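We just call them A, B, C and D in the order they show up, numbering each chain from 1.
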Amino acid sequence: MISFSGVEKRYSATDSALDGISFDIFPGEFVFLVGHSGSGKSTAMKLLIKELEPTAGEIRVAGRDLQKIPRPRVPYYRRNLGVIFQDYKLLPNRTVYENVAYALQVTGGGRREIRDKVPDILRLTGLSTKLHNYPDQLSGGEQQRVAIARAFVNHPPLLIADEPTGNLDPETSIGIMQLLYRINQTGTTVLVATHDVSMVDKMRRRVIELSEGRIVRDEQSAAYAAAESTREFAIRMRSAQG
Amino acid sequence: MISFSGVEKRYSATDSALDGISFDIFPGEFVFLVGHSGSGKSTAMKLLIKELEPTAGEIRVAGRDLQKIPRPRVPYYRRNLGVIFQDYKLLPNRTVYENVAYALQVTGGGRREIRDKVPDILRLTGLSTKLHNYPDQLSGGEQQRVAIARAFVNHPPLLIADEPTGNLDPETSIGIMQLLYRINQTGTTVLVATHDVSMVDKMRRRVIELSEGRIVRDEQSAAYAAAESTREFAIRMRSAQG
Amino acid sequence: MKPVFFLREALRALKRNAIPSFAAMATVLVTVLVLGVFIPVVQATTGAANEVRGKVIADVYLKTDAQQKDVDRVERVLKSEPMIKSVEFISKDAAYKTERERNPKAYELLGSNPLPDTFRITPGNPDDIAKIKDALAPEAAGGGRTVIDPAIDEVRNREEDTNKILAVTGVVKITMALLAGLLGVASMLLIANTIRLSLYARRREVEVMKLVGATDWFIRWPFVLEGVIVGLVGGVLAIALLAVVKIAVVDPLAADFALIAAPDTIDFPLLIGLLLVAAVAVSSLGSGLSLRKFLRV
Amino acid sequence: MKPVFFLREALRALKRNAIPSFAAMATVLVTVLVLGVFIPVVQATTGAANEVRGKVIADVYLKTDAQQKDVDRVERVLKSEPMIKSVEFISKDAAYKTERERNPKAYELLGSNPLPDTFRITPGNPDDIAKIKDALAPEAAGGGRTVIDPAIDEVRNREEDTNKILAVTGVVKITMALLAGLLGVASMLLIANTIRLSLYARRREVEVMKLVGATDWFIRWPFVLEGVIVGLVGGVLAIALLAVVKIAVVDPLAADFALIAAPDTIDFPLLIGLLLVAAVAVSSLGSGLSLRKFLRV
């Protein structure tokens, strides 16, 4: 699904945010990207959505070389991705409902589709009572959940989440992880950048660790439980909690 | 130092973000404010810095009734607070260095003072190599650390931190907590809103828990270790990790 | 394209961005107002200048002893000259009557009519008047002038007055053309500038839209429609104000204005249409084009 | 207040907010340019109108048999009339010479001089001309006119021409005053509007400054200085452009312009000073005042 080979990204001539990283993520995988602050996680994700261009190396998504997508086709490529941005990137002039609906509208989703899907996903993220609030009338965690809802709403084949639970309490975080898990179960490839070590430990999935722009670890959890049902998953997550 | 009595804040007529909360924080205390997303932590903090006005109740800080501070005096009141905002609130047109320096400049700090203090605090927060980056050239965690540095730089008697480690890796978080601890040791009152349960557990300090705008818990940790030195504190924090 | 959706988006954006929308509208209003006042003034002034230029004439005096056949011949000569637009014959008697009215004291004392037959000629282009004079009465080598027909006594064009009229009206017309041009360009720049600025305040929003998968035109259409609405509202308000001023101030003074207003002064409905179209075009194009820079994400 | 610090802040803001700064500067430039072109035009036009009005005169014809003592008496009467600014005496002979030059054909035939002595009077205020006529030659009950001195034959003021001149120049002057006012107000609005908008794009920044403990004036000074710089740079550029145009286009045509330019046309240095002061004042005040709304945090 995703293949980085020798990808390098320099913001300035002197130091590089990504220093020739290579990895492959297969369709349907669930991968964590970890690493301390400034190690290049967000940079990798920005490259993946073509917000930035790599200075060297090749990135392929679903077999397509990103470099080769012509500018006018980029929006169509992006529609196959659900992205949760680290800084949320909500539209300030739209309500919660409209923000989520916008992700459907850009793909040509009709009113009916919006009426069906948006309230559903907002209920799942616990925002049912905040439908008509504007982003500046939400708490930090609520904004983050709107960003999550927007990324999920059109069931993209690839989901990219940059620090999706940084402003969420542990209980809500587990709910979100459960959602991610369920989405992953339906075949969606999921890539999550996070600092939440306890979450990573409990999920027992593949972990790629970056340090100063290099991959220092890429391993499957020993106890990889792929066959787990969502229910079993939830029970385990909660019980493991301290 | 801080005294809330019957404080209520309603954003709309129907529901209240804070529903008549009362608590006292004594000078030199270190208090955690916890609660799930949307429980009113940030609202309490915004009231404390007079970004918002309560709809009912009284807030006193250092014996002063906030309601009674006349508008032109508000900036002088705010200079006694160090605030880490949940959304950082960095000045986009200033470099890291200038952002931190600004907090000194508003209080009339001279060039000399700035040259002395700013590089120091930026070294402590691990930003020495990013001095001349603008906020949009920083990673999420780096931005958060700039916000932290700005709040610390003029050694305020009261420090308010809203989710200061949401985008930081555990190692950096401990560093920041250590810093908070040290600042607290010098007599500064510290109020931290956070979701980081493991951090709260390890710190063993007073915890106020909010739920839907009400205080549901306010307790001293049984093992409150006030006499601990910074060094001992650091060792304990690190050992408890994992 | 989904016109209704884009229109709703545009209206929402106007509502939620009240300050920049209002600012853009105010700019359109002010510039259209200024243009709406200046265009008629420029037109009237140019018209007046043309009217004055129309009064540039030359008189061809015939010899006092000219016969009817001489008169006819000279008339033919004059009419065959392409630079001359029209030729008016003023007989001795007619001239006498007019002069006598103007200066009764002097003419009372005259027994007979001392005035000659005259052709008053109007040039096609007032600037040609000197050339016409040269054609009818070429300068002689000695310094004086000969005439092209023996029956012509003299060709006179009140040189000083004519030159002054031509120079002044020429300057007035050029000045007016330049002012009109300057004002038009300035208005476009000002409106485009304001719109650019109001988009600048929303560049982050545009960036986010792109990152979420919106195509350029999906983002652009609402902005263009917003520009149309801003131009329309600003333009209509300005025109309403102009109409009020016209009805309340100008029309009562119409008699005075008639003195300077030339017949080809622009008419109000045309002016309205022109201003409205310009306002809408500039503000919508401005929106559409200024956006380009922010769409590069 | 620390002027150097605030100035450095203002310069940094200009550099880091290139787009809105540039837009504000462009607006100042364009409006100052338009004003700089229009003010001289308005001045020249008003001056020309005044000059034309200065030509409103009346002629007091004396009887042909008037003696020197009659002439002196009438002159005293005229000079004692307060509405009359100046009185010019044109003797029979002088009048004859002028008329003869104008119309040699007719006067050749006249043996003697048929023209009377004349006083040409210029009113202090051209609009009073009708009143002066009434004073010198009050309308009689029967419909004709009597005269206030027996030596006066008639008072004439070419009624039709005079009325037309007064009406036209009156309209021109009022129009020019209105245009100047409109343009001035419009310019201020446009500049203030652009500045408001460029502050709007930075309102979050101002909010953050307040939350970090900055006082209103600590935030405002750099913005005011920024306004001063924007006004200064925009103004200077516009004036430089004006100077280029003046030197390259207007001065070579000065001879033509002299024909319409009245002596009281504004001088260039004064115009420059005025425009510059206005640009700086409007843009700095605009910055300072517009900010108020965003300081309420």
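Simple rule for what comes next: a residue touches a chain if its C-beta (ideal position, glycine included) is under 8 Å from a C-beta of that chain, and two chains touch if they have at least 3 such contacts.
By chain, UniProt protein names: C, D = Cell division protein FtsX.
These numbers were taken from a predicted model, which means no experiment stands behind them.
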Mutual neighbours - chains that touch subunit B and subunit C alike: A, D
Longest centre-to-centre distance from subunit B, chain (CA-based): C
Computed distance of Cα centres, subunit B from subunit A, in Å: 29
Geometric centre distance via CA averages, subunit D-subunit A, whole Å: 68
Whole-Å gap between the CA centroids of subunit C and subunit D: 22
CA centroid of subunit A to CA centroid of subunit C, Å: 64
Arrangement of touching chains [line / ring / star / complete / other]: ring
All touching chain pairs, where touch follows the definition stated at the start: A-B, A-C, B-D, C-D
Touching residues on subunit D, where the partner in the complex is subunit C: 19-20, 23, 26-27, 30-31, 33-34, 37-38, 41, 99, 103, 105-110, 112, 114-116, 164, 167-168, 170-172, 175, 178-179, 182-183, 186, 189-190, 193-194, 196-198, 200-201, 253, 256-257, 259-260
Subunit A-touching residues of subunit C, taken from the complex the two chains share: 5, 12-13, 16-17, 205, 207-216, 218, 297
Complex contacts: residues of subunit B adjacent to subunit A: 11, 34-38, 41-43, 86-87, 126, 129, 137-142, 144-145, 162-163, 166-173, 195, 197-198, 201
Residues on subunit B engaged by subunit D in the complex (per definition of touch): 49, 51, 72, 75-76, 78-79, 81, 83, 85, 89-94, 102-103, 105-107, 150
